[in-house]
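Let me begin by handing over the structure; questions about it come next.
Chains: A, B and C, in written order; residue numbering restarts at 1 for each.
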């Protein structure tokens, strides 16, 4: 019984990392209509930049925030210099981000090398607590906590603030929003900044749990895409639900039938796409 | 045999009933106009007839054949064609290409994967005749997106007529045209669509008077009057709906 | 101003000659030169021709029909794997057996994938094609007994034609060249046919096409299958040319690579995708002489620049250049 709880908790904590990545992806997709194929690469870059910063800055959380901001700025440059030139051309924008996947991946390989990098949790979280006869890392609990905190913050932003209302309006009807005098370009940049920030942070704080390597970007992007579709595009709740579900399936799957885990996830993905493309909690399209 | 017969057609969008028990018919070769204030449901009605929207209740017949649930492309093969209020052409293809595509749409040759489209001499000749009729043969290699609005509007009608439909639906055909261009435009329709039954929605009463044999008035999804243009013009209910007689009849092409 | 291809119905033979001159010239070069090429250049040319077919096949689906698919390598890869399995695990080396098998597998897969993918549109179509490609990648990775897992299937020989000579790199080159010409011809006729025009119409305005009597779903489905068919041809040739098949040949890596080729070359001209393939592969061969580790970076940079600044792809510029050359010889009415 305890071993199940362990797997579920592992799944949820992993799901929180997924959530951070997927929520950014979902926002960018919902507001700008762009599938940011480089989102996984941003996550990976966040991990590596964070690692480098960590050797100079003591505080774990400061590093996480700083790393996130660096990635966010990078994302902003990407959006302002490149993406905004292809205004409204969804296909071309997705392709552009694809180009950056290649660039970022190779740069990371170049600068940091191809060896796996492990990150460590801050010392006060580096212990484990007992669950039955197993020990569960305290840091994973911290991850769950952080994830829920971010989810709550995003939800509040989405539902309770004027800025959030603008973002939601932008998702529904871009022309109307622009017609109301809201600077759509500014909204896009802000959203991209936020999404990149979340991905970058996720990269670093995920390190104690996920080993970093220069190829981890794209698989993570695929997982995030699956989360967004299953949970429903555009809403924070959807990303959270989807992330938790996928996290649990992934962990249970790896424990029970390791060879088929990925398979199952893709199968579920395709089924949801066919049966209910708007996702479990998404706005019915 | 009626070209178009609609029985008890209703269309609901969620809780909103846009069309209520609409019944009307169009005889072969007849021109019938459907008018009504904005939001009365004219475009919805056209969309249900072409199959873009499904009817909630009711039946639709074209030349005796029931098409209530037939897919859109099959309705074209029964003889139905349509033009759009907002011009919908194939923008990055040439003028001649647009016409050729609309001609091949009805032929089995449309699935041909080997013979060039230009090898079909008969369709080519037909396309030439059609383009010469609307004065665009010289511009046949120009991309549609470079045409002027008026030229595109002519193309819009020509494309829907290319395959010689038996029933033609026109959605605000003169939309966006300058007042001076309209008489030439209606003449073009009359010469191109000789013998075809035409069912069209319009705002411009001049167009209605010039083209229609009969007029149907739609108000909040219901037909409230039918008759010849003169009868409708004199109808007091109709006048009321259009907020007074003078403004109503002088209404010029607001879409 | 960009115009639609003028419909030239009856051309004087001189005009036709001038119009076809570059193709004739290029073909002559490609036929006469190979025996004198270094092995390095020869293998690059073979790759260009193979990826040329592959890119043309994607352009049917993407450029002409407007379906953004990032899973096209699935058909390419399944064909390559079929070829590899037949040749290395079962010892069947005849081209006449292996090629149809590979092509049929690719076409079948396209028929199945098409039904699934065409249930959705827009961004979801992208998702599904990507997922279907990755699914197949996962299968190749896990089904170790049949596909060799992550090690792939090495040691794929050249197929035999049943003719009285052994297949060398040069002869294989001619085989690839011949198939390239055949495929290019077939795809060209497809594009110019009523079916091909209908695909473009669907890309422009699917709705309108339905009203004109076209069963648009069927067209998209057939386009998908035809695209899969030609990707299968490329795959059959690819397996022996690279002599190894690995799961990556089925997945997003290869799907995105061929998409890059199509974009760089441009979708608006017929030969654009082939030009794109040539550019990418030329670059790859030269970069790998000096700094192979930086190749993805350069590829990504070229791609980003191409999408941002060369919106229509290189092919359009090549065509314009050629038209200018042609018209300056004065014989063709503009």
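Going forward, a residue touches a chain if its C-beta (ideal position, glycine included) is under 8 Å from a C-beta of that chain, and two chains touch if they have at least 3 such contacts.
Quick caveat, the model's predicted, so the values are computed rather than measured.
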Chain contact topology (line, ring, star, complete or other): line
Closest chain to global C-alpha mean, per-chain Cα centroids: C
Approximate Å spacing (C-alpha centroids) for the pair subunit A, subunit B: 49
Subunit A and subunit C, separation of their C-alpha mean positions in angstrom: 34
Rounded Å distance, subunit B centre to subunit C centre (Cα mean): 42
Subunit C-facing residues of subunit A, complex: 29, 33, 35, 82, 85-86, 90-92, 94-96, 98-107, 109-110, 218, 222, 225-226, 229, 259-260, 262-263, 266-267, 269-270, 273-274, 277
Touching residues on subunit C, where the partner in the complex is subunit B: 1-7, 9, 186, 189-190, 192-198, 200-201, 204-205, 207-216, 226
List of subunit B residues in touch with subunit C within their complex: 50, 52, 71-73, 76-77, 81-82, 84, 88-97, 100-102, 104-107, 109-118, 120, 140-143, 146, 159-160, 163
For the subunit C and subunit A complex, residues of the former touching the latter: 68, 116, 119-120, 123-124, 126-128, 130-132, 134-135, 138-139, 142, 252, 256, 259-260, 263, 293-297, 299-301, 303-304, 307-308, 311
